[in-house]
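A short write-up of the structure that comes next.
Chain naming follows the written order as A, B and C, and within any one chain the residues start at number 1.
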Amino acid sequence: MSPDLLIALLTGAALLGVGIYGALSQTNLVMIMMGVELILAGALVNLVAFWRFLHPDNYAGQMFVLIVMTVMALEMAVGFGVAIARFRARGSVEMEEARELQG
Amino acid sequence: MAVITLQTFFIAGFGLAAIGFGVAVFRTSSMMRSALALLFSQTALGAMFLAMQVEFLGVLQIMMMATEMSIMAIFMVMFMMDPGGLGAMEMTHQKRLSILAGVVGTLFIAGIALFTSWGAVIATAPPAAQQTHDLGIELLGRSMLIFETAGVTILTAMIAATAIALPSLQRNPHHEP
Amino acid sequence: MSLLVLVILAPLAVAALILILRRASAALALLGAGLGLAASLALLHQAFDGVYPTLIMPGLPGMPLRLLSTPLNALLSAMVAIVGSLVLVYAVGYMHKDPEKPRFFAIMLFFITAMQTLVMAGDWVLLLVAWELIGLSSYLLIGFWYQRPGVRTAASRAFLYTRTADLGLYTAVFILIAVTGSSQIASTLHTSGHAALIAGLLLLIAAMGKSAQVPMHDWLMRAMAGPTPVSALLHSATLVAAGAILLIRTAPLLPADALLVIGLVGGITTVVTGLIALGESDLKRLLAASTSSQYGLMLVAVGAGVPLAALFLLIAHAAIKSSLFLGAGVFQHSRGSTLLDDLRGAGRDCPRSFAGFSLAALALAGIPPMSGFFAKDAVIAAALGSNHVVVLGVLALAGTVLTGAYMARALHILWHGERHPKTIPGQLWMGSGLAGLVALAAGLSLAFPAIEALLGQHLDEGARAQLAGLAAALSGLTLGWFFDGPRLLGPLAPWAKRNFAIAGGMDTWVLAPVLQLAEACDRLEHKLFSGVFATGRWVLTVGHTVRIIDERIIDGCIFALVRGTQSLGQQLRKVQNGLIHRELAVTATGTALILAFLILALVLY
């Protein structure tokens, strides 16, 4: 087992953990989005490592990476739009106060 | 026995940097510093890609993430309550659950990574020009549908984001007394 | 035929009318009795002409009901109608002050209906029905003043006595119908042999009950607790006559042995009840004992084989005894009591009534030229000419002597005493009724030849019988006038006062066991009743329990289910708290679980 692959995979695992911690523990919407960014970054690392070390001839791996990057960007864009709208409506983007959907 | 080369050291170094900056994102109480820490984390990841001889994706990563994080920093300054973080408030909740979830997730994936036999590792990668050429062929050949779908999705997201972010003419009269 | 119907229906319809209207009851009663009287006299006239109408009505299968007007029936019907009408005239005055007149007159008319039906009955079923109905009327009339002490028990006693004796009649009728196969009286009279003997003895038992012969004579004396018109009509002329009428009508059926028993019973009764009358302290009870005595004489005549003599005595006695009772009623109103001690000298207060009373008394004793003389002589002649002249003749003559004795005793007490003049309300009516009956009592002997011609039979009265009868009557009258009654009796006096009761009498032998049986049945019924109620209560309890189970348990389960579902929903609501981070946590946990599951599946399989 190549150490490169292992290191890359472990990095991906660590980024995933940090990202989960951030997504679940932050009160601010933007910080939650940052956590999600980190999770997706971990996934990216994994994908690149798999392509480079296991299947360098199949470029579908690189396609996947492109798509994930696109999704990251899009998610941030829409997320910020929602945050602006919320800020305009309520005056803050704190998630502690977001109880409107309480049933 | 694995072969430890110089490449390995660079990958490890950039990997640690990414993790470190990622942890720093959530340890500061300043929004600006969080955004910048994220920026450096993603950049480290891009550098890692470059170290793994995946030039195109590495460059792409660095470029995109830099732009995104910059915009995020501007956003922070516009809309955040305490962008400088001088108030030093504890802005977290359900901390124990989150730490537990993070640790469990990390260990889980790490365990899978360690205990799976990934098969033979191919040592050499194609040259960069060849990679880009083949990626282009792939993009416009077999994965054309995927790319078109991605394009449409981008367009949709742009419109959606713009629509949400526009101040609504009906909404404002509700909030002005 | 319509006359037959009118005779019976006129009094009945008027009785119903009186009960409905409850006013002018006296006038209506006289109207009803008058209509019945006219109809029965017309029937008698038709019988003289040889017309005998018959009415057949549907009854039991194979046993139609018949009303027929033979000479005997027409004669008896006329007697009942005449005596009934005159007594009702008297009753208008007697009941003048009584508040319950409608009930009295209605029941009297009902009785007259029942008696007419009995007399005209042509078949046994109708006769039995009429027999029972006159018993019922007697009970109602004896107990008319039911609020007074002792009256109700007297009525019940009379009813129970006669009812017990009626068993004999029922059994006799069953035997006769079973043997001959028809219920028509005329056809059953041709029975002979053992059936005739048994039937005859059973008919005697029935006659003993109804006509108050020994040993069933006690009820008649107690029946004097009713109003005097009731005593006059029922207990002298008609109801007690039913027994004698039964024997007279079935005389062709009776064999010689039965006739002997009948004669003996009659003879013993004559003497025993005559002695009782001699020792009595109440005028009406004296007259009641006298009634039993006279009917005993009639039974002697039947036993001697000459029913015609009994018939003559019956008709004469009807007029005589009812006029005696009506007179006693006048004295009762004048002194307020019927005890002989209270009535001393009452005769002087109402001289006209006393004159009628004494005329009837002499007629009863058998003094010519009144009807009693000829009737008594017929009986004595029959007794002397019979096969058992020794027994029957002696008893008949003894009876005649006693008759004179107690009648003279009564006259003596009524005449000798102080005067307490008092105006009696309704005296006019009472006097008219009394006068009518006294006239009949005196002059009925003129009609005897006509009756003989009607019935187609002839009585031969020997001079021996006439002389013997006259001597007996005169000696009896002398004894009674000059000697005190109880002293004449001597050692028999205390026994006579108790109506010659033997070994406790009917009370211990009949009354007590019957009443105990009735009480036992009542207790049984109470137990059954409470058993039914207990079952009902148990069923209700079961139903109640089922309802409670349904409400509490079944409904309770259902509502508990409802509440559980609602609370579950409330609990689940808390999950939806709208907080983003909570939802993220749930998402993360869920994703982790799914991944773990998938990888586990991958690893294991």
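Going forward, contacts are C-beta pairs under 8 Å (C-beta built on N, C-alpha and C of every residue); 3 or more make two chains touch, one makes a residue touch a chain.
Bear in mind the structure is a predicted one, so any value in this text is a computation, not a measurement.
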- Please state which pair of chains has more C-beta contact pairs than any other pair. A-B
- Message: Let me check something: if the centre of a chain is the mean of its CA atoms, which chain is farthest from chain A?
- Response: C
- Message: Can you work out the whole-Å distance between the CA centroids of chain A and chain B?
- Response: 6
- How big is the gap, in whole Å, between where the Cα atoms of chain B centre and where those of chain C centre? 129
- Task: For chain A and chain C, let me know how many angstrom lie between their CA-based centres, rounded off.
- Result: 123
- Could you list the positions in chain B whose residues touch two or more of the other chains? 93-94, 97-98, 101, 105, 108
- Message: Residues of chain A that contact two or more other chains, please.
- Response: 20, 23-27, 96
- Message: Could you pull out the residues of chain C that touch at least 2 other chains?
- Response: 581, 585, 588
- Item | Residue numbers on chain B that touch chain A, as the complex places them | 2-4, 7-8, 11-12, 15-16, 18-19, 22-23, 25-26, 31, 34-35, 38, 41-42, 45, 48-49, 52-54, 56-57, 60-61, 64, 68, 71-72, 75-76, 79-81, 91-95, 97-99, 101-103, 105-110, 113-114, 117-119, 121-126, 131, 134-135, 137-139, 142-143, 146-147, 150, 153-154, 157-158, 160-165, 167, 171, 175
- Message: Using the touch definition from the top, list the residues of chain B that touch chain C in their complex.
- Response: 93-94, 97-98, 101, 104-105, 108, 112
- Item | Of all residues in chain A, those that touch chain C in their complex | 20, 23-27, 29, 32, 95-96, 98-103
- Message: Touching residues of chain A toward chain B in the complex: what are they?
- Response: 1-28, 30-31, 34-35, 37-38, 41, 44-45, 48-49, 51-57, 59-60, 62-63, 65-67, 69-70, 72-74, 76-78, 80-85, 87-89, 92-94, 96
- Which residues of chain C touch chain A in their complex? 573, 576-581, 584-585, 588
